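Chain lettering (A, B, C and D) follows the sequence in which the chains are written, and residue indices restart at 1 in each chain.
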Amino acid sequence: MNGPQPGGTERGTARIEAFSDGVFAIAITLLVLEIKIPHLQSGSNLLRGLLDLWPAYFGYVLSFVMIGIYWANHHYIFKLFTKTNHALNLLNLLFLLFIAFLPLPTEVLGEYLLDRANQTTAATIYALGLLLPAVTWLLMWLYASQGYRIVDRCLDESYLRWLTLQYIGSVALYSLAVGVSLVDFRWGLGICVGLTLLYLLPPRRPVYSRGKAA
Amino acid sequence: MNGPQPGGTERGTARIEAFSDGVFAIAITLLVLEIKIPHLQSGSNLLRGLLDLWPAYFGYVLSFVMIGIYWANHHYIFKLFTKTNHALNLLNLLFLLFIAFLPLPTEVLGEYLLDRANQTTAATIYALGLLLPAVTWLLMWLYASQGYRIVDRCLDESYLRWLTLQYIGSVALYSLAVGVSLVDFRWGLGICVGLTLLYLLPPRRPVYSRGKAA
Amino acid sequence: MNGPQPGGTERGTARIEAFSDGVFAIAITLLVLEIKIPHLQSGSNLLRGLLDLWPAYFGYVLSFVMIGIYWANHHYIFKLFTKTNHALNLLNLLFLLFIAFLPLPTEVLGEYLLDRANQTTAATIYALGLLLPAVTWLLMWLYASQGYRIVDRCLDESYLRWLTLQYIGSVALYSLAVGVSLVDFRWGLGICVGLTLLYLLPPRRPVYSRGKAA
Amino acid sequence: MNGPQPGGTERGTARIEAFSDGVFAIAITLLVLEIKIPHLQSGSNLLRGLLDLWPAYFGYVLSFVMIGIYWANHHYIFKLFTKTNHALNLLNLLFLLFIAFLPLPTEVLGEYLLDRANQTTAATIYALGLLLPAVTWLLMWLYASQGYRIVDRCLDESYLRWLTLQYIGSVALYSLAVGVSLVDFRWGLGICVGLTLLYLLPPRRPVYSRGKAA
């Protein structure tokens, strides 16, 4: 860790993974701070006040699971990487910028989902909050997989193509969720929930074409 | 950390432990943010204002110790595990979801324990906040220990059964605490405190039946 | 990390150090959240509003340095330890409980140092907030060093006695700071600042009596 | 990690790097908490309320990128270090004190950039918030590089001089940004943004003069 290493811009991925893990763990744990418990006047009904917060709990669970899934996927794709470089670091930082930002649209959703005048805006903002990390994730992956720039050269080409299609599909579906939210916020959020459930499926085992097959 | 590893879904437990440790450390440290110091008008008595917050300090200490104990127990059972898989990761994530949520019922307890109209609700919510991680912990353990799915095959069966009984007992007692809180919040909280004191006892040394006995 | 280890209660110190480091890093970074910037009406003077927060900045710097010093000292004494056990884990947890609590007295100091009616209370609470971790630190050390229970058997006895005296001295001086604050808060805080400056001195090199001398 | 190590004040850099990484990851993730979403009365326009927060988003992105760059640079220079000592630890702590403080000027910028009476103050405070870590960074580097006190003896002298000049340049430009902000806050912030874009360039590969050249 201390000795000089040749190559100032290409390095192993341990450091960037540890830093990203830190941001994931903190962002996921900060979500609860965005839920503001009601400050009732003595005599009011606390239970009702807490139950009325259900959109905030809904947002908490959905965002928690999303960040948890991104954490798992982050490890999944970084295992396919053999190194990192300056551009990948910057793309990863951009991705983390939107992960760390998620508590904000989650708070917006929790506070305004029941406000008739603003529920469409709130759901759309939330879907947008999920679209942005998906887009930067795709950019990171395209940069890394393009011509085996960062990914392991032994990985099977069709496996890489399969991952690329999957990440493009995510971006397409979140874009759809944003658009649908504008028309009917219930359906828009439904797409977000459905995508999250899809992500809960076990990830595919990496396929190596040259000698390293599992 | 970077090279490809065979088996996309079964892995060592180092990563999941590090991520869980992060969530434990952050959740335990965020608890203090839920204590709101009084914003007094000049001339009011600060000492009285701070002393009146005693339910918040009580909740802080209890939740801090609970999360600390879960942290220790998490290491304890993950030492018995030889690997992790996708389902265990998801169950662990669900458990962490409720750990990270604990600051909220803690804040509710602190703010409403002295409000006669809502103190029963506040104590019940808090007991529920402790029950939920206990339930998901039990689910995680049942999944892992069932037929030596995740746990070390060398562990003694009766030792595993003893742990299972202990975790079922926790769930039963926290359920009791929830029920009792509805009738008398003092007794409900008393059960929570008693359980915490029980957990402070040193954990039992793992028992191996085949060759690895300590 | 995964394999079973003999001895369920005695272990290496890596885990407890990593968890403690997490709590130190989070508590030190949360301090800034306790400084509330003024929400001025348009046209009011922001600069004056920010300058009026100087007690909050003073508390921020003092608490930041204190936690940083505890972090360094934590590593320093854990290097002298050869293992950890259940009791030490609990004492360490108690110590961390007061470290994680420090943002609260810091906020109290920042908000009430200029309020004539409450400045004595605020300074005393802050000195108390520094006394509590010092006391639990001493307890942890006494437990660990007593009869070489946890510390390396090769350490020189007079060196251990020197550390014990130093930690007792800290407790004595913070107790003094609490008492003096009640009489004159300026002198009480002065003792706190002085102690902090003392801690900035480099720590003494450990002395080994049997073969391992540096 | 547990065994005694000779030399109580000179050590490897792994610990200090891990602690610093924690502070970077937490400070970067806390930034979002400083953005307060509007609490509208039912019927008001949420979208407008969220769009009006654009100075807060601007500050979020700029501070996020700045902390991310400092994180990368911190690894970059600590790779050049062969050890750490007490003085370096203290200088690093001082640097982290200002990194952890950054959320505050960021909040000031977000809240007051559109307030005509205070926008000059807000921008100047923000530029000052960026100047302070740059100054302490320079101090840390000067201490470490002076006469190869901490840096690897094999590093080329002209390479070290080049880094020194670069860090002095940063301090000069941030000082300029502070001064310019007082005259025209737009230009002052422009310099801050420009400097950030400069930092996004890939770092120079370390140059070794004696045998270890890459």
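Before moving on, here are some points about what is shown:
We adopt the following convention: contacts are C-beta pairs under 8 Å (C-beta built on N, C-alpha and C of every residue); 3 or more make two chains touch, one makes a residue touch a chain.
Here the structure is a predicted model, which means the values were calculated and not measured.
Counting steps between touching chains, the shortest path from chain A to chain C takes 2.
In a homomeric contact, the two copies may use the same or different surfaces; for chain B and chain C, under half of the interface residue numbers are shared, pointing to different surfaces.
The most distant chain from chain A is C, comparing centres defined as mean Cα coordinates. Distance between chain A and chain D, defined via averaged C-alpha coordinates, is recorded as 26 Å. In chain C, the residues that reach two or more other chains under the touch definition are 22, 26, 30, 33. Contact topology of the protein chains: cyclic, one closed ring where each chain has exactly two touching partners. All chain pairs in contact, by the document's touch criterion: A-B, A-D, B-C, C-D. Listed in rising order, the residues of chain C touching chain D in the complex are 12-14, 17, 21-22, 24-26, 28-33, 35, 37, 39-40, 42-47, 50, 60-61, 64-65, 68, 71-72, 75-76, 78-83, 152, 154-155, 200, 202-206, 208, 212-214. Within the complex formed with chain A, the residues of chain B that make contact are 1-9, 15, 18-19, 22-23, 26-27, 30, 33, 86-87, 89-90, 93, 96-97, 100-101, 103-104, 107-108, 111-112, 115-118, 121-122, 125.
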